[in-house]
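Consider the two complexes below, in which subunit A is the common component and subunit B and subunit C are the respective partners.
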Partner chain A sequence: MKFFQYLLKIDRRIIYIVMGILVMLPLIKPLGLGVTSGPRATALFDAIDALPAGKTILISVDFDPSSMPELYPMLAGVMRHAFAKDLKVLLCGLWVTGVGLADKAVTEIPPEYGKKYGEDVVYLGWKAGVDAVILGMGENIKNVFPADYQGHPLDSLPMMREVQRLRDIPIAFAISAGTPGYQDWLLFAQSRYGMKVGAGLTAVSAADAYPYLQSGQLTGLLAGMKGGAEYEVMVQKKGYSRAYMPAVAAMDSQSLAHVVIMILVIVGNIAYFATRKRGA
Partner chain B sequence: MHLSNSILTWIAAILTIGIFSFLWKDNPFYKFCEHLFVGVSVGYSISLTWYNAVYPDLFNPLFLQPFSAVSLGRKLLLVIPLILGLCYFCRFIPKVSWLIRFPMAFVLGWASGVAIPAYFQTNILKQMQGTFLTPGIFSRWDVLLWAIISFIGVICSVFYFFFSKEHKGALKVASETGIVFLMVGFGASFGYTVMARMSLLIGRFQFILGDWLGVIK
Partner chain C sequence: MKRSIPLAICLVMGVAMMIQFFIPHPISVGFYDLTTKWIRIVGAFALVLGTGSLILYHVDKLQRRRQGWYYSIVTLVAAAATAVIGLGWGVKTGSPLQDVIFSNLLVPLNASMFAILAFYMASAAYRAFRARTREAALLLVAAFIVMLGMVPVGRAIWGKLPELAEWVLSVPNMAAKRAILFGIALGAIATSLKVILGIERGWLGGGKQ
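This part shows the complex of A and B:
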């Protein structure tokens, strides 16, 4: 019993240190536990993979730097997949704090595939007024974004001659850390313009998206860092990319941390009930 | 090991350690990092809002561009959002604080009108249909089984929130079954939350060990 009482009084900082070490070690020396792709990530991958070359996909970057470890690998993975398939990528954002992240991706990833800005990729930037932005893009993208993020008029960009409105884009991939995000794309882009929508979400909000997946409203779902890792693995397996996979690299740490938390939850509950019974 | 020679990486690493220092106990270094984060976030958002929305869509066409570039009609049209926007600041002046009702009324009215039909379609009609009639329901037995389970789950969970009649007999069985489904839902949400928090911790460690210390790729 003393052991259980000791467990319940253990200093939380010891748990932090143990957790920190267990998260850090697999990053330095990977365990190679591996990542398997689930049906939700595969559905999104297949939907993009099935598009013919030359088509445009829309990526909505609706997250900020605090969600970067979970969501940026998804953005990079989907962009690499699209470029490897000779698809064009149009990016925009509903989060003002996400503009720098999308700009980073647009600067770093297209050159890996020899893609040119304006011909293969365009970043529209951010505009205020979520609903109005999506509805406006449904009518005419140029009305909402007369110029791209860098200030080029859309008429001067070759890629935008073929993409006038949302109906010209077969699928949107909304990477969301909250609201506004994928739900707004479902509400306005899908219900009004019949657009396919896939979502990449932080793990916190992923559980809320399952009903949309089950009803077929979402084409696919990447949930948290694991979702990003699943997509990275599929992109690499098909030979579309040889780039470093940050989400896959993190999965060993994630697995180890989950094991520790499961042990702590089980041991904590046993200790609680054991000491409570004795007290009663 | 290859230490970063970028001053920005060093600042980010030191601030990360500052925030982590709260895990040991609250301290002035943590407070400094926390306040700096709040200030920088707000400043960043304000400057981006100005340069991406207010300046190009309102200030520039209304005040800087000549009539040859922007017609009088469009300039007059832009005065309406300018006035509505300024009304928000009336909140700080008690005598005219009531003026905030105009932009609020406009936003609420517009948003409700636009969102209600779409919300009804996306979150009620499609979801009611998707409670049982999921894509490919009759193609495989396991899809059908999960559809039946989720249908039972939805009905029983709704019964749990049915308060017009005392939960006795069949209603009690249904509502208690509903609790089981709700608990499973909460458990799934908690599991995902743990995963999310761990991901953020791993992300920071990847930065410290990779970008800063150069121990990993």
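This part shows the complex of A and C:
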């Protein structure tokens, strides 16, 4: 009886310590559980892989640093895939706090493939207005962003001569940690301008996107850390990148964290029912 | 007048934008292009208003020494410092705003706040997630299947677990989500119509007629 009562009242500090150790251990010494790619990540990968060289993809960076561990690997993975396929990448964002993250990706990833800013990649930055920004880009990108994030007029960037409006871009990949995000791209870019839209979402909001996937409105989905890891694995398998895979490395930690939570819930329930029966 | 003019503008613009959506004529497209510019300009003003509102709220809290007033000092100092650094040195790559404020302050602070969630979730799940009823037990089983099926260890335990998790997400979850989405869409249409027709006037705010 006392044992079950103890189990009902495990000090939260013990839980925090156990959780902390089990999350950190696999980061120091990976368990190597492996990641297999699911159909949703494969659909996005195939859609980008099928594009002919020279085409432009749009990436909307709609997340902030709090979601960076979960979503940044997707941004890096898709950019690496695009550059390896000689595609051009146009970035913008609906979240002002995502500006620095997109800038980091634009600074760090293109040089890995010898890509030049203005010719192979352009970052437009952030503008207030969300839906009006997307609708405006549908008519003419220069109307919304006369200059890029660095202040270069769009007319001076060779890549932007071929990309005037959203219809010139075959696919957008919206990486969203909430609202505004992929739903705005679906509502306006996909439905109004017929643009294919793929999404990269935090695991907690991925379930909301399933109806859009089944209806065909979404072309692929990367869900949480696992989605990022699946994409990293596909990019490496095809030989497009040899870079470190942060999402794959973190999947072992996530596995153990899930197991810890489940064990705690089971222990809590056993103790609850044992003490209730005896009490009754 | 104070209320009738905004209501009339709302009615005219609401109806005009609805009609515009179905007419691809150049005049219609031009009108649409113009209005999206207006929306972006109004959005920029909303940012100014939001900043002003934030400052006024925290100054007032500080003056009245309300509970937690010292946090308002942090907010005001951080807002002022960010504004001064942004206006003085710019916001581009390599600026102090990017390197110091964003990369070295905002990123670790935000990431730490979010990382703490894992610990709270573990503790809260242990204390609150009880199979007291049949529905709660069902929720518990579904949560276990999805939690395990979504991580590599699930496949290591049982090869079919990821497929089972996929089924939970693609069938029962999708049915519920779709119903919610339809409800939200119908609610949004009804609310939009009420706003356009002047039945719903909450957006006008308070004040005298």
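Throughout what follows, the second predicted complex is superposed on the first by the 280 of 280 C-alpha atoms of A that agree within 3 Å, B and C clash if a C-alpha of one lies under 4 Å from a C-alpha of the other, contacts with A are read in each partner's own complex, and residues count from 1 in each chain.
Simple rule for what comes next: a residue touches a chain if its C-beta (ideal position, glycine included) is under 8 Å from a C-beta of that chain, and two chains touch if they have at least 3 such contacts.
For clarity, every value in this text was computed on a predicted model and none was experimentally measured.
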With the two complexes superposed on chain A, say which partner A:Leu135 touches: subunit B (first), subunit C (second), both, or neither. both
Which of the two partners, first being subunit B and second being subunit C, lies in contact with A:Gln150: first, second, both, or neither? second
Once chain A of both complexes is superposed, is A:Ala203 in touch with subunit B (first), subunit C (second), both, or neither? both
Answer with first, second, both or neither: which of subunit B and subunit C does A:Asp103 touch in the superposed model? second
First (subunit B), second (subunit C), both or neither touched by A:Leu33: second
With the two complexes superposed on chain A, say which partner A:Gln217 touches: subunit B (first), subunit C (second), both, or neither. first
Quick one: classify A:Val23 as touching subunit B (first), subunit C (second), both or neither. both
Please work out whether A:Pro246 is in contact with subunit B alone, subunit C alone, both, or neither, and reply first, second, both or neither. first
Does the superposition put A:Gly54 against subunit B (first), subunit C (second), both, or neither? neither
On subunit A, the residue positions that both subunit B and subunit C contact, one per complex: 16, 19-20, 23, 66-69, 97, 99, 127-128, 131-132, 135, 203, 207, 211, 214, 223-224, 226, 254, 257-258, 261
Hey, which residues of subunit A end up touching subunit C in the complex? 10, 12, 15-16, 19-20, 23, 33-36, 38, 64-69, 97, 99-100, 103-104, 107, 127-133, 135-136, 139-140, 143-144, 149-151, 203, 207-208, 210-211, 214, 223-224, 226, 251-252, 254-262, 264-265, 267-269, 272
Residue numbers of subunit C touching subunit A in their complex, please. 29, 32-33, 36-37, 39-40, 43-44, 46-47, 91-93, 98, 102-103, 106-111, 113-115, 118-119, 121-123, 125-127, 129-131, 140, 144, 147-148, 150-156, 162, 166, 169-170, 173-174, 177-178, 181
In the complex of these two chains, what residues of subunit A are touching subunit B? 13, 16, 19-20, 23-24, 27-28, 66-70, 96-97, 99, 125-128, 131-132, 135, 147, 183, 186-188, 190-192, 202-204, 206-207, 211, 214-217, 223-226, 244, 246, 249-250, 253-254, 257-258, 261
Which residues, counting only subunit B, touch subunit A once they are in their complex? 23-24, 41, 44-45, 48-49, 52-53, 56-57, 111, 114-115, 118-119, 121-123, 126-127, 129-131, 134-135, 150, 185, 188-189, 192-196, 198-206, 209, 215-217
